[in-house]
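There are structures below to look over.
Same chain, two partners: chain A is paired with chain B first, then with chain C.
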Partner chain A sequence: MKRQVPLVLCFLFGVVMCFTQFSPHQYSQAVYNEVINWALIMAPFALIFGTITLIQTHVTRIRRRIEHWQYSFVVFAGLLTMAFIGILFGPQDPAFEWLFNNVQVPLDATMFSLLAFLIASAAFRAFRARTFEATLLLIAAMIVLIGNVPVGDLIWNTVLSWLPWDNGASETRQWILGNPNLSARRGIILGVSLGVISQAIRLILGIERSYIGGGD
Partner chain B sequence: MIHNKTILWVLTCLVLFLCGTFAFSQEPAAPSNVTAKDTPNDDGSSITITWDAAPEDSGVVGYKILRNSDAGEFEEVSKQLDANETKYEDKTIIKGKTHAYIVRAITDADASVDSQQTDAVQAKGQWFHTGKTPLFIAMLLFSAAIVWNIYNARSGKEIFVRRIPGLEAVDEAIGRATEMGRSILYSTGLGGVSGVATVASMTILAQVARRTANYETPLRVPSNDPIVMNVVREMVKNAYLEEGRPDAYNEENIFFLTEDQFAYAAGVDGIMVREKPAAVFLQGSFAAESLILAETGNSIGAIQIAGTDSEHQLPFFIAACDYTLIGEELYAASAYLSKEPMLLGSLRGQDWGKVILFAAIILGVFLELSGITWITEFLQRVN
Partner chain C sequence: MELIDFIGIWIAAFLTLCIYSFLYRDNPFYRFAEHLFVGMSVGYTITISIYQGFIPFAWEPFWEAIKPFWPGVPREAGWSGLWKLIPIGIGLLFFGGVSPRYTWLIRYPSAILIGLGAGLAIPNVLRADIFEQTRGTVEPFASINAGTLSIWGILGAILMVVGVVCTLIYFYFSVEHRGPVNWLSKVGIAFLMIGFGSAFGNTVMGRVALLIQRVDFLINDWIGSFGALF
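Presenting the complex of A and B:
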């Protein structure tokens, strides 16, 4: 019974929500919006649950003196400060906004900026021309890189000025992105779409039960 | 003689005056062929009014739409529309009432002329969107193919599934972590519990958990969504129970980090650097943080198996991870790992869908090259 109820609910809601996509009738759309609203209602409870779990995790870290346990106090300091100001004065309060704009945003930007260096290190490994495929990848990547910057066409028009067409760097880049690259991407998207439908059918029919722990 | 000339002159002036008066006072023709119909394929909240465009030299500079309800007074319901407009969708109707419409043409001399009143019409919602018929048929056919193969698979007939290196390596990764006495890190990505990729990721996690339960290898799952974390806890707990190792399950190993994208990346990176897991699984929906996670995993020497349906992140995973499940392989993983006939049957149904799509593409290309465009037009209607 514990597993039958979720399976029946999953089947019912799966079929109903699927058919609401094909029915513009007001009753059908009302059902769709109502179910979406139910899902939204879960968010505040999830937030409370997440906060409790976060506190539990860090209390355990401090109690057991797990490596770098001192940083858990930073988590509590941030959590309490933002919660205190946010609950008492609201998220529009200047102090709340100042902390968000001057602490969280720069921290996010710092993590994001790491990508520049990580892309360089990943590209260094990926573009080593050890095989035919890797060499093709290297050549395509170099063309796209050069074609992406204005100086690319300048180099093309200067060095390869004897060729019959101008701005070849950006045009070749556009051709690579618009033809072989886009074709491969669309192939992946088609496969993903079919995979999603297949997965959804398995869930709706109750064949895929891992999400409720599997079993019969 | 003089008298005749005077009369002729007076008559000429009179004719010119009358012509000028007629020309300047001529009203534009009233908008013609005005119809009001219930807008098709909607929820019954609009009526579409159409009319013929006025000739370019008619002096019409725009139109206004007037409406009455249940044969009451007419009132304007639109701002002034451009002169080239020939259609207006009235989304401000009162449900349950009948409405008639008049289209008022406005001239550059600020005069106006009204069309004939249309028949009264009442908007009704449609239960089926006829514009989506091809999509609906495709969905039914594809679903039927999958269901047919699923139930056909129950006969026990062996189904061939091509080798997926990323999934073959799951046992290798878990074995390596066990031998090294280190943990396994599993990230379900940024998706919520309603994301299909996250659900697929959780089904793979259930299979991984069955194996770690037997080997007693610690399985760490930092989550960025409290609901996902809760479901994951339940799934992993059940996997350990079914393997007869409830004692090996540690709830604290599945924990919530943060909902913030880069804070999550920083948190997972920190765990990787501190704990140095021997195997890292990155399965689910990922965005810009994919390479941050994968490169950190690479730097600690962990064996990494990634999988995502975000095609923009695939190159990063391919560059930084040992194995990558590309797109649909993520959704095939559960069937592949569990070897359950019914799940494997769904993979065959999926392949049937691919064959149909491939055939449609090839056929479409040949027909287009032959100047026959109906298949392209038919597929464009799906939008």
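Presenting the complex of A and C:
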């Protein structure tokens, strides 16, 4: 009961969602839309459960005085402030928008911009042209980087002015992105897609059941 | 400049500097900003999920259905909203995970969402990622046949097919990579390295653009706001 019913549910919903997309019949489309609505209804519960787990984790950190436990209060402060104002007054509330624009957006943008520094140090290690493959990686990255900024074409048109074509930096970048890069991406996408389909079939047929977990 | 905007700029600048202080080393200011970011992101996501998922798709139809039970409230919609009690009930099973004794209840909503996602994935991935990508790879050959492609276009089309096939051969582990297969997979590695290099270059550019935007904010907005102090 505890293991078989979820497998049956997974099979039923998987098969229904798969086949309704091949049928334009109104009943088929109605079922499709209703099941999508079910997913939209259930997803917030999963999110709230995830939040409860996060709160439990931080309560445990505070209770056990794990290193940096004081910062768990900061998590609670941020979470409660945003959720309280947002749920009570709605996401269009000026206070909610003010917090979003002046706290969350700067934090988000700065956190990701920090990666510019980390990625630079990673590049220093990755771009040492020791092998043929590493050299290709280095050249492709440098061309894309230089071709992305106007100074790339300026250098090209100044230093390589004797060549018969202008704006070579951005055009070479465009050619790399549109040809060898795209073919590698397509190869990866095709491989990943075949993997996704086989995994989806395994899930629907109950061959892959790790999401059920252990126990009875 | 209004006071509320001024306070907003100073808070944003303080948090930006808190995050950048990590470049020196891990410190309490960075940890404060990092934890605040986690908390506020979760609070924001919950709010949006409730207002864009739960309320329009569950609460409003359900409320329309149970209205007649409230005295003096006119009935406008049918009973179909009660149908929403099923996904609400299944969604509530997620909270079984709070108690170790009832953790197994999570399996029901998880199985439905996983089955639903898997069922959606099969036709969509087939259509968008396999058929469309294959079509995009071989389509230029129709232009070659029609004689509308330049010599560079023809070379590009051939290079595309060679790249896709060789990349796929590199990931094909059902045969041993020896002889011609080994050579083709080596060509595949070369294409992959160019692809990874391009992706790396683009990622660096994206992050640097964000960095420029934050520095621009600090210089123009924050330092620019100093004038309002005096």
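What we mean here is this: the second predicted complex is superposed on the first by the 201 of 216 C-alpha atoms of A that agree within 3 Å, B and C clash if a C-alpha of one lies under 4 Å from a C-alpha of the other, contacts with A are read in each partner's own complex, and residues count from 1 in each chain.
Everything below uses one rule, namely that contacts are C-beta pairs under 8 Å (C-beta built on N, C-alpha and C of every residue); 3 or more make two chains touch, one makes a residue touch a chain.
On a predicted model such as this, the values are computed, not experimentally measured, just so you know.
Enquirer: Looking at the overlay, what does A:H25 touch: chain B (first), chain C (second), both, or neither?
Expert: In the superposed model, A:H25 contacts chain B only, not chain C.
Enquirer: Looking at the overlay, does A:L160 come into contact with chain B only (first), chain C only (second), both, or neither?
Expert: Neither chain B nor chain C is touched by A:L160.
Enquirer: For chain A, which side has the bigger count of touched residues, chain B or chain C?
Expert: C
Enquirer: Counting only touches as set out at the top, which of chain B and chain C does A:T60 meet: first, second, both, neither?
Expert: First partner only, chain B.
Enquirer: Identify the partner contact of A:F76: answer first if only chain B is touched, second if only chain C is, both if each is, neither if none is.
Expert: second
Enquirer: Of the partners chain B and chain C, which touch A:I207 in the superposed model: first, second, both, neither?
Expert: First partner only.
Enquirer: A:M111 contacts which: chain B (first), chain C (second), both, neither?
Expert: both
Enquirer: Contact-wise, after the overlay, does A:R125 reach chain B, chain C, both or neither (first, second, both, neither)?
Expert: first
Enquirer: In the superposed arrangement, which partner chain does A:V151 touch: chain B (first), chain C (second), both, or neither?
Expert: Neither partner.
Enquirer: In the overlaid three-chain picture, which partner chain does A:G14 touch, first (chain B) or second (chain C), both, or neither?
Expert: second
Enquirer: Would you please give the residues of chain A that touch chain B in one complex and also touch chain C in the other complex?
Expert: In chain A, positions 18, 21-22, 39, 42, 46-47, 49, 53-54, 68, 104, 107-108, 111-112, 114-115, 119, 123, 126, 185, 188-192, 194, 196-197, 199-201, 203, 211-213, 215 sit in both the chain B and chain C interfaces.
Enquirer: With touch defined as at the start, can you tell me which chain A residues reach chain B in the complex?
Expert: Contacts found on chain A: 18, 21-29, 39, 42, 46-47, 49-50, 53-54, 57, 60, 67-68, 104, 107-108, 111-112, 114-115, 118-119, 121-123, 125-126, 185, 188-192, 194-203, 205, 207-208, 210-215.
Enquirer: Show me the residue ranges of chain A that touch chain C in the complex, using the header's touch definition.
Expert: Touching chain C from chain A are residues 2-3, 5-7, 9-18, 21-22, 35, 37-49, 51-54, 56, 68, 71-72, 74-84, 86-87, 90-91, 96, 98-117, 119-120, 123, 126, 132-134, 136-145, 148-149, 176-194, 196-197, 199-201, 203-204, 211-213, 215-216.
Enquirer: What does chain C use to touch chain A in their complex?
Expert: 4, 7-9, 11-13, 15-16, 19-20, 22-23, 31-51, 53-54, 57-58, 84, 86-88, 90-92, 94-95, 97-98, 103-104, 106-126, 129-130, 133-134, 136-137, 156, 159-168, 170-171, 188-205, 207-208, 210-211, 213-214, 217
Enquirer: Provide the residue numbers of chain B that touch chain A in the complex, in ascending order.
Expert: My answer: residues 41-45, 125-129, 132, 135-136, 139, 142-143, 146-147, 150, 194, 196, 199-200, 202-203, 206-207, 225-227, 229-231, 234-235, 237-239, 241-242, 252, 255-263, 265-266, 274, 288-289, 291-292, 294-295, 298, 309, 311, 314-316, 318-320, 326-328, 330-332, 334, 342-343, 346-347, 349-350, 353-354, 357.
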